[in-house]
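In what comes next, subunit A is part of two complexes: it sits with subunit B in the first one and with subunit C in the second one.
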Partner chain A sequence: MSERGCRPGRADRRGMPLLADNYTASRPPAWQGQLGGCGIASCISLKGERIPGDRVARMLTIMKERENGLGAGYACYGLFPDRKDQYCLQFFFDDEEGKHGAEEFLSERLDVTHDEKVFTSESSTVPNPHPIVWRYFANVPGKREWRGDKGLSEDDYMVELVQHINEKVEKAFCVSSGKDMAVFKGNGYSHEIAEFYDVERYSGTMWLSHSRFPTNSPAWWAGAHPMSLLDWGVCHNGEITSYGVNRKLVEMNGYRCTVLTDTEVVAYMWDLLVRRNGLPIEVAAFAMAPRTFEEIALMPPKERRLAEWVRITYREAFLNGPFSIIVGRSRPETMLIALADRKKLRPLIAGLSPDDSTLYIASEECSMRIVEPDARTWAPEAGNPLVAIVGKGVIRRGTEDPFLGVRS
Partner chain B sequence: MDRSFCTIGHTSDCECDKGHLSVVDGKAVIDLKCTDGPMHFATLNCIMRKAMRQGCKSIELNGVMGQRYIASTASAEGLKIIINGTPGNDLGAFLNGPTIEVFGNAQDMTGNTMNSGRIVIHGNAWDVTGLAARGGRIMVKGDTGYRVGIHMKEFAGTRPTLVIGGTAKDYLGEYMAGGTVLVLGLGHEGSPVGRSLGAGMHGGQIFVRGTVLPEQLGPGASISSPSESDKIEIQALLDDFEATFGTKVPGGISGMVKISPSSSRPFSGYYDKTNI
Partner chain C sequence: MSEPMKQGKRFDHRLPERFIPTIDRELCRVCKRCVSECSYQALEFKESRVVAVGGCVACGRCQALCPANCIEIRPVPPQFAPHGNWSEKSRRAILAQASSGGVLLSSCGADDDHPSIFDDLLLDAAQVTNPSIDPLREPVETITYLGRRPGRLEMCDGKVIIREDDTPLVRLDMPLMFGHISLGSISYNAQRSLFMAAKELNIVAGSGEGGLHPDFYQYADRICSEVASGRFGINPQYLKGGAAVEIKIGQGAKPGHGGHLPGEKVTTMISETRMIPRGTDALSPYPHHDIYSIEDLAQLISVLKESTEYRLPVGVKIAAVHNVGAIASGLVRAGADFLTVDGYKGGTGAAPRVIRDHAGLPIEVAISAVDRRLTQEGLRNRVTVCAGGGIRSSADMIKALALGADIAMVSTSAMIAMGCRVCQQCHRGLCSWGIATQREDLCARLDPEISSAHIVRLFRAWNEELKEVLGAMGIDAVESLVGNRDRLRYRGANPKIAEVMGVKHIGEGWG
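And then the complex of A and B:
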């Protein structure tokens, strides 16, 4: 094996030096000899207190057996209290040319009030090339026209803008575009990405995080999780085998898939079902992880009607395959949703701090024990969403009837 | 930030036990605290094997935090392993003889394909506990998750048993080919088991204390009342549970239902019977 590409200090999880460029016909990239599965971890302050970034980083990095250095990321909510009414667009640029092109595009279409470089470490072990990471705070102008399409809402306009950039603007990628939140992700180990962005410098009321073990899509900076559009952030462990059907549904509704990863359709699906179609969270979750028709037949008549209606109307929103996801949003409230597939083929554990102030969600119990040794843990049920809101508490534990509290 | 990679290449004379292992009177204590983050499971198992080679009859682990494969393949006769903390996935995989006692919750796949021995969890043990177990006993004081006891099997006099104090979710005992599962549902109202119970099972039995509706059964499973010989087996498991956890199971043996295979070949009709 040649020493080409050996980066000092970069090791796989067993301590072997990691030769990032050494993949050959007989050796895949980042080969470790042991398989993993993505790790997800999240924490939310139910009382609205600020949680420092190193807390979620500790939650995520303890699950290092689940990752292989090909992607990790963090999303922070409640991050910009002074600018929470403005959209924050956070970008990857390949070079200055990409930055110039994106700025030129934005200048005609958004009122950018402030922009700044996002801190990135110079001495990181994350493989090159590193993107330039920059953020823009912006308001949407009153006059909104998109290629003849008039009267778009602010959010719809922003969706069009961001998706156009990611599809058409060269050397630029918008990784998050929500209010009061931002995504910090890249193509490395969870501890490397935490160091690369120095997530310890940030604090927020809610964090999502993800460490990646890519199975069937490329490992690249934009392909790391969380996937984000507007305020939605999605971290996902598993595979969406119905990707083709789900992709068709979101594309028919104007979304463009640019990341080559099944998780992005999940992010667009939440935006479509909840923000645009106005479904309650429980109903959207049921559409994505529905009960079988056998189980629906056993439900009380009113719930059965609603369940059948959801399954028939949103048949293409059914996410088939193993998954556990954590979903965040900042509007109308900072909210955390955790959902596993209907057979619970991927792990998902929840835990509450002893004083009921903080809720944790993770793939493994150790992830919450490392930061909260006395957490009270439970397992949300298959296809049953857990919902928690900053300032309000745990709305659903993921063990209730599917449509509890939904008016049909 | 954690940069907690321990080195590999463990050998019988490597020095990874330094500062972690102390042995007094044949009792080993392993302190997992590392300066550079959590200890890697390969290092932990190497240290445990060193203690076993010294003939230790008990090994206590302190500060366990998600390390996988703890005591996998361990086969020292009469060995007792005490775990303080949260062991990771595949605790006691291929275990062959020793007793493991966990003071805390276990994660997924506890006792994966264990051969013999005993795993006691003073808490919950989540998904896929006891999968493909071929012998030995797993005792869980609290709840378990999905697909527990799947593909347990018995062979030539070894029979796995799994006792769950709390509840189990869907697919309990799926494809079960032997052994016994007992679910007590303590502290829980309603049925302590989920759907697709015993789906495709063709051997062994599941005893449930509480209600089981016909629609909870998976294909190939049938429901009946325990026989007199079943009651003897249940009573023995209850006695073990009460002695192990120092609790009393209210109502004892009453209110039990038995789930067993409706045939030894539940899917025979699905296959082409042509000889090849």
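And then the complex of A and C:
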């Protein structure tokens, strides 16, 4: 797969050579997706206070065993309090040409109110080439039309634009397109990416982060996590063995898979189930990590009926295989969802600060102990979602009945 | 009529025998059991010993029941001068047809030696990056539903709305169904064995065209009632009492063809079940004469849903033909809750050889075409796809699921479990195993208790093998395999087939 062989002098922690290929916005030729292990870490202020970026960076970088220098990323929510009603489109461009192409495309279709270069460090150890990272704040025009369709909602319109750019506009990739949030990711170790973007300069009410240990495929900046669409951000540790099935469901509903990884499909799945189909978080989580029919048979009649129908209807949404994911969104509220597969084959642990003001989610306990030595930790159950909302606290601990609070 | 015929002159070519039952004289006790077992009268007792007199079809009955185990059925060595182009098979066909002047009939599935595409597919397994699962220690689910699914759940005032009345579903314990084999093409005992096994396995069995015998209503909740072009045996109880209703448009072994049960097979029992006079030919027209287009089919689907009060899934069965993807889409749009696609290697009780061997599509290709087309049109998550025609083993079943079928349909393998040796003589009604016959003495040879137990054991074993493979792939529920072509690789000689099926070639990874 490598075009140029291995880069002399660039090796992972164990001295294994890394491929010289390094792609930013454009998808590497013959890209077939990536697999491997990962570390995930997240923190959310339950009282709505701002958490500086170095806090989540410390959480992530401590889990050294979980990464090999081929990708890491951060997503910050509550990032733009002054512009929180506008979409923030954050881009990777290979070069000025990509930037020009994307801007030309956007200018006709969005009301861009402000754009700026995203800070990136010149003295970074992150291997070259680096993308141009740029962000645009934009409103969706009242009169909008996409390929003859005039009835699209603002969000659906934005989804079409972003997917079109990622599929068709060369040398440009939109890494995040939500409101009041942005994604900072790239090809390097978690500490390198933190330095590259200087995440310390940002603070937000919620952070997601991810580092990974993929097999040695070409590095692609846009393929790193968090994967994002609208304000959904997804960090994922796992390998979805049902990828082919899940991909069919999102494609049937109009999503175009451009990154070709299971995480991308997971992000689209949340958007489909929760935003477009309007399902409660608990129901969407159940669809992705359902209980067995044997367990369903033991549920009380009303829950049983709901469980059966969710499972039958959303069969293609069932994410099989090992995973733990953390999912963020900023609308209608800034919310964190953590979910592990139904056998809990990948780790996921939660912890609350002693004053109940901050919730931490991570792959490993060390991740929260380094920033909150006295955190009260617990393990969310297999296939049981944990939900926390800024300003509201922990809504679900991931140990409750599957449909607690859901009406059917 | 030609001259020789008028004169009554015999002008059949005499063809060399194909098989000869050979008796070990040292072991033979001359009990004559083989003579009475041979329904093809290929053995006779002559002058103190049993001799082969011709006509052996290698059904294996004599060999299996010989108490001295002294019979071996040997294929006759080639009797034709060798020729690379004019195979023995083709010359035999010409001679037979020159003698009879008619359409050559045969049965079972296409017997050409085209390799099965299933054999060119390899399954994936989990290593390191995802853990495999031991089905003996952890749940691996094989429960499957047959019928229409809603596509999505609606929300109203913060409540999840479930409209289960719109989408009747049948639950199966494994992704398998028995195909439609009518009473008439097989015996009462053979059909009873299938129904008993379907009930025991908690799957469904097709009724076949020909109604349901009164004794079989006890299995009706596991029977898919077929509505075919002859409309035989259809009454309110038949439709409403079953698990599902299936309109038969075509059959893989004979796409575009109807059915013909000769009058001599229409016994009192068959006449009562099919609701036609005894001794009359039961002819199923080639098309349904009320369905000449898709909108006509939509009407019949509506009529059947109306008559079953929307309590049963109504499906349509078609033969796999070249444009199967588009046809499948039409069926879903016409209201079918499930589709059954039957590949060209599918079995039959009687079919013209020219159609059986030369028309249709391999099921592997048909499944992927249907699955892809329905996915492209956003319909795949509303409908159940059943597929059969050449599924010989659990491996074939698993590959059929991975290519995109929800449910694998099998018939021949169930009959082999009962004793069938696939000698391709079903159309003659002389089945020595009591399966494809209506002759009372032959029917009595099949004990439904024993045969159904054999069927149950076979498919329980398949289900265990399915779980083993799922577990090895790191998948713990069968629905995550359906249409998951990423977990297949093609190793055959023609990469174009892989491309058409949407399966990667061996050696192509994804990470």
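Going forward, the second predicted complex is superposed on the first by the 367 of 408 C-alpha atoms of A that agree within 3 Å, B and C clash if a C-alpha of one lies under 4 Å from a C-alpha of the other, contacts with A are read in each partner's own complex, and residues count from 1 in each chain.
Here, a residue touches a chain if its C-beta (ideal position, glycine included) is under 8 Å from a C-beta of that chain, and two chains touch if they have at least 3 such contacts.
It should be emphasised that the depicted structure is a prediction, and the values quoted were computed from it without experimental measurement.
Q: May I ask you to decide whether A:R407 touches subunit B, subunit C, both, or neither, giving the answer as first, second, both or neither?
A: Touch status of A:R407: second partner only.
Q: Check the residue A:R305 against both partner chains and state whether it touches subunit B (first), subunit C (second), both, or neither.
A: It touches subunit C, and subunit B stays clear.
Q: State whether A:E381 touches subunit B only (first), subunit C only (second), both chains, or neither.
A: It touches subunit B, and subunit C stays clear.
Q: Quick one: subunit B or subunit C, who's touching more of subunit A?
A: Residues of subunit A touched, subunit B against subunit C: more for C.
Q: Looking at the overlay, what does A:T241 touch: subunit B (first), subunit C (second), both, or neither?
A: Only subunit C; A:T241 stays clear of subunit B.
Q: Which partner does A:I62 reach: the first (subunit B), the second (subunit C), both, or neither?
A: The first partner, subunit B, only.
Q: Applying the document's definition of touch, where does A:P280 land relative to subunit B and subunit C: first, second, both, or neither?
A: second
Q: Give one of first, second, both or neither to describe whether A:F318 is in contact with subunit B, with subunit C, with both, or with none.
A: Only subunit C is touched by A:F318; subunit B is not.
Q: Can A:I349 be said to touch subunit B (first), subunit C (second), both, or neither?
A: first
Q: From the superposed pair, tell me which subunit A residues show up as contacts to subunit B and also as contacts to subunit C.
A: In subunit A, positions 294, 343 sit in both the subunit B and subunit C interfaces.
Q: In their complex, what parts of subunit C are in touch with subunit A?
A: The contact residues of subunit C facing subunit A are 126, 129-131, 133, 138-139, 141, 143, 145, 149-153, 155, 158-162, 164, 169, 375, 378-381, 473-477, 479-487, 508-511.
Q: Sort out for me which residues of subunit A touch subunit B in the complex.
A: Residues 11-16, 54, 57-58, 61-65, 191, 194-195, 200, 294-295, 298, 343-344, 347, 349, 364-367, 369-370, 377, 379, 381-382 of subunit A touch subunit B in their complex.
Q: Using the touch rule from the top, collect the residues of subunit A that touch subunit C in their complex.
A: Per the touch definition, subunit A meets subunit C at residues 32-37, 214-215, 217, 238-239, 241-245, 248-249, 251-253, 277-280, 283, 292-294, 305-306, 309-310, 312-316, 318, 320-322, 342-343, 345, 406-408.
Q: Using the touch rule from the top, collect the residues of subunit B that touch subunit A in their complex.
A: Where subunit B meets subunit A, its residues are 1-8, 37-38, 40-42, 65-66, 68, 85-86, 88-89, 104-105, 107-108, 124, 126-127, 143, 145-146, 169-171, 195, 215.
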